[in-house]
């Protein structure tokens, strides 16, 4: 047991020595929190045999096998990229409607987002299921290389089975499916836009399925798979002029080029864990005219959001300096943000226990890096929840192989595991007040430590003092 | 007379002190050549009253007024951009065919280029008429802001009138119309591609009409309106990698950026008359992937082609250095060249005399800068010829105003002037061996001086010696 | 006569089409002014035979031959670079003192500047002689490759001869020698510093001798040999840090590098007549420490001072942008300015007539470009005056050959010519009120036109409008 | 015991995930090697009480207290920077000579290097003592902020004591002191130059004392304090020209600036553990002349020498590309290299035991990162050896505080500890064949693993494939 806790601590998201130093106390307190919860005992108790839950889980399996695996195959074969998933949501919402869910279409000004609430109920405990359905953009067109095609069917199976359990047992509560478009793209950042529009308000727990090459779960804490990210667009305007008299113009291409040069100039003044990468999306119209409009698109990443702000100050100043030097003007548009989410052992370990119980293959015994159940961190840092990842493919993420696996046994088997494990956990959450309390207690504790960590980072990231030149 | 020669010399195309120094002897010899030709006397003699010519000119005017102005209006109203002028050439070739011309479509692998040869004859003197028909790309779509819509009708009027004179008088000779697409665009450089395919082989003189805000003609010599130009595309390939591990990639965007930086670094090492301007046509695909392919498009200009070669060495080395520094690879594609053309006083002054005789307005008495009748220099430095420019607009070149004028009296009046003047000169060239000899003599003389000038420039543009560093 | 005026106009200092356009009216008025003065007739009248002047000129020649050529040789053989010319001024001031001049040493806070005023008189007409004595810095040490070594002796010969004429004839007036150090260096800009300290206040005319490969004089107007110049130093401060943790520092070397990059980026947005050239004078201390202080020194040049201001805005913004992008700070020090001076035909043509009369060789008949008698323009745009340049060398400026010639017949002969011509003109100015009035009239007229020209330039140099990016 | 081995493994020098992956097998084998040696038992046996050793150690202490601490104080008070330590080596060699050592001055072409061999003997076991004596360059001049001033006295005390033991006991063997200048500077890299000249040939073990804020020793393995380093100078030559005609020159300042730009451009294509930092040592001579010579000095660092080669390829290509783009030429001078050295537990743990026994304060119980006894790695990767570091200061390295401490009790006490511990270990090595064999066995084993590690790295550092652009 001791060893396991040790591993949990080790998976905290501090990637750099400075972060680790800043996190010293937080890591210790996180260890204390987890020890106090005795998650292993909790999981053992909650997941003990239960006939009602078995019935519900069996119903989810039945839905998958009878209709929803076929639906998943259909969506896989008709991929639609982000914010254009009209066919897909047509199929998903029709099925939900047919099973008693009320549909609110195009929530938060997103055409292909929707909310499906069982009989419109907001009662507590309020259970939420997030589903995604957008395909990837490949060189041969859209394709489901991330198996989002199965997320809807899996989530729907669980939601309907739980709805039926509520009907059957008269357990108080509600169940809502959130249709969230365009996970692979930004802008807009769909889940953040939905969160800010209040779409998830009042929800007590959220689950999501995501296909995976192995059966796994995150450790408890806060973090993200791939650093905190700012998506930023820099647009420059200059003045056009014929190439023969360029001095009558102001060159917006030189400006965008110097944005990159200026960033390169400070790469060694920025901590090496940063990842700053951009492209030029508009680079001028014709070689015989001084370009008067150009644009660049950047992803700026850092392990924590506190220093990320300093990195952004560098990149924004790079843009301002480029404009100043070239006599052009710049517009800075921070169009998207990805931030650390929260993951809780009380949810993750129960989910993992069920994933194994229902037949998950290629088990990763050690918990992974802490990370939220949504990629933006907006929802997963505000609402307790967990992502389910049974093994569903033998290929890496974002490949044609992963798409192909969605249509065969390896995918189908895993999707059914996910549906059952998700249903089981939701059934426990619906019916056990103690368990709900433990989940909330851990979640609140981690959020407090997350704040403490950020405060601590603010102190270690002091900026160097630059005197006036003499 | 003296004064006039002085002005001719003054209009030579030497834009820089170095060029003027190098051209010192050439300018003197050019003065001698022109003096020896006594162009004023020649023009007076050739253009003396002639009933046969009057008949031919009247026929051209009749064709314009009866049918071809209407054809010009039609083409003006149906603009087609370069290399897509299928409707336009359909109308033009149908008319030519109906008047006894044999059409060879899509010459030199250019879909909308054609050759129309009267009864297929190649007899000498072989007269040629170049016509253009492509529209400009405007923000509201294609438009005839350069009045190429009227070039076809004007040239066809002259060609048919001359063909009929040959039938009528049994004068030996031939007449050919060259349909040349895409003047406003490159690549491809249509006239150069046609020239290299041998399309103009055996032609003794070429005329072309081009609309203009004034009635004018170039001085004798060699030159171009807007410097010698190389169009060059630089394409870089790198290796893609996810933003999280950029060291597994090679960044083609950094390469193309450093192409620009490297050129900027040597701007002060290049003579200030150069104009080097580029755009980035491909700047990367996604901000979270190291760009593995980028491209830039440059126009590199210099007053003469000799130093232009050195400028190109700088820009090509800039590209090679960018690839070397970034671990990428570069492809250099010099997709187009514009060079000095030759203009002859024997042709230009006769053309100008007729432009005035037939009612050209807004006369510019002083000859303009020497320049060829085609914008690439490929044809006009190889075949004697002259461009006709009667005033046809009150607006500047490349404007909506100029397009509008094509449909009204100012345009119509000028087009008819051009058609008549062109017909008169072709009639003289067809029938007067002395005149043909004088034209050829001047043209050959200027070509020799042009070669001498380039040889002389090669000497003045010595490169600085850079010793090995110690 | 007409032809001569034509040439004068042609030598005006408008180097660019834009300047020429802006100067159109000014050039015409300058022509009117010069025509109204009838300088040829004036020179003929003023320089008519005059026994008193002959006596004075003979005395100057005697001083040169007996003592001052030897003094010039001595100074040539003991070269001292700018602001270190203590031996040289020791010799010069001792001789002046011995001939009745009162010495004020180290004027305007310049150790090796001095004023030598004959018997302390400030009476009018107040004649001034500027002398220079600094050597060049060569790879083998200081050397008199610009023959400043002879300026002192020549100017002293004239000053003493005039002083003696005043004594002899009791002509009212005064004569002052201005010892001006460091012509070849800045900062400080010695003559500007002296001018601003009021050293030249009340002087009516100033003469200066400068060695030359030919006997020549400037045309009337305003101008400079080598464009208007701003000398600017950019100093950057950052924060030091060990190479192992560069993010704890701010890199001042990156800043100064980006100053250059930023300037290169706008070279094509600046009119091509500009000359912007810099060096890095401080480039960091040790490769294992992030540089926290760097500096660059620039000469920024343009044909006129109006657009030069815009060029400076570009270079200063380049520095500010470099600091902004790199998180460093910058200090901008415009340590020196060279501006157009005024040259008057009434002085230049009389000087030229005497240079020829007293034996100047290698005569350049056509007047040169207008330019003041001092290189800064500070004095020569405020006080009428003229530089004397008899041929004194067969070598180009700033060469060891020119130094060698200072010690042989070619130098000696020219120095004596300069001394005599200078003396003759000063004698005329001292004694002829009409001549003085004509000089002042022309000078005032040119100054008015100079102002008009600058106002006119301000209008043509409009900046392009850059809209906000959308 | 187990725990201790675990720590040893943990201190291996693999700084990056890639290195750790490549080192997986090597780390395991290193653990096996260390376990097989049972160093703790060996140390216990070797350091068991021994009267002869006690006598020798007492003699070293006596020499320190009677004369050599005073000598250290004297050298501290007369600091001399690298390669200028003539006074210091005068004192050191005189003392050694007086105690029977034969001096070979200025070995390996280094004026202030020397070899002092006791009675000239090369017998085995051949013991070596490296001493350093150069001061740091501070803003107030040279100072002994690294306490090299005491290294000579400490090493001499041990060497003389051992020499006397050999005399006394007739133990076979020899003792040599190596005077190595300029540790704080390069070029030249003194120890590498001495090593390559064969100065250390035949030596069986080498010891060196280095002052420290704590009493410590390295773990066994290979490594360096501060990454592998290449010192590289890039010198560019161009062609000079006056600023008014820069096209007649080639700008070497633009070249050196683009060296930096090119490096910045690939910073994100280089693994983030690299440290590349440079300064501009020559940045042009005068702002009105195109700079024709510039130079930059770089330290290029990476945790291992295998990838360092790839980093150097980037920086060298950056220089070549800068020359190519600017028309200049470049010379690349890799003037110095710092590489991993080897440290052996058999030596380090015995040394540490004695440091503690003789009174070392501020003990660091855990072994430090593996690293050689010399900073270049040249000697310490070829000859077994160990550095002695008793606590001798309360200040950080390279400070005025550390210099001050050299003159007071904290320094003196530690120097005497170092001298005694060094003497004790040398006495053991001299007299115990078993111990010598164990040392050699471990050293050979580590060298084999070091080679294996480098081979393994060569495999993981594959370069990305860049296709030809299409």
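As written, the chains take the letters A, B, C and D, and residue 1 is the first residue of each chain.
The rule is short, and it goes like this: contacts are C-beta pairs under 8 Å (C-beta built on N, C-alpha and C of every residue); 3 or more make two chains touch, one makes a residue touch a chain.
Fair warning: this is a prediction, and the values are worked out from it, not measured in the lab.
In terms of the stated touch criterion, the partners common to chain A and chain D are B, C, listed by label. C-beta contact counts were set side by side for C-D and B-C; C-D has more.
Distance between chain centres (mean CA atoms), chain C to chain D: 59 Å.
Remark: chain B and chain D have CA centroids separated by 71 Å (rounded to whole angstrom). Between chain B and chain C, the centres computed from C-alpha atoms are 49 Å apart. Contact with two or more other chains is made by residues 246, 254, 257, 261, 264-265, 268, 272, 275, 277, 290 of chain C. The part of chain C that touches chain D in the complex is made up of residues 226-227, 231, 243-244, 246, 253-254, 257, 260-261, 264, 275, 277-291, 294, 296-299, 301. On the chain B side of its complex with chain D, the touching residues are 235-239, 241, 246-251, 254, 257-258, 261-262, 265-266, 268-272, 290, 293, 314, 317-318, 320-322, 324-331, 463-470. By the touch criterion stated above, chain C contacts chain B in their complex at residues 261, 264-265, 267-268, 272-273, 275-277.
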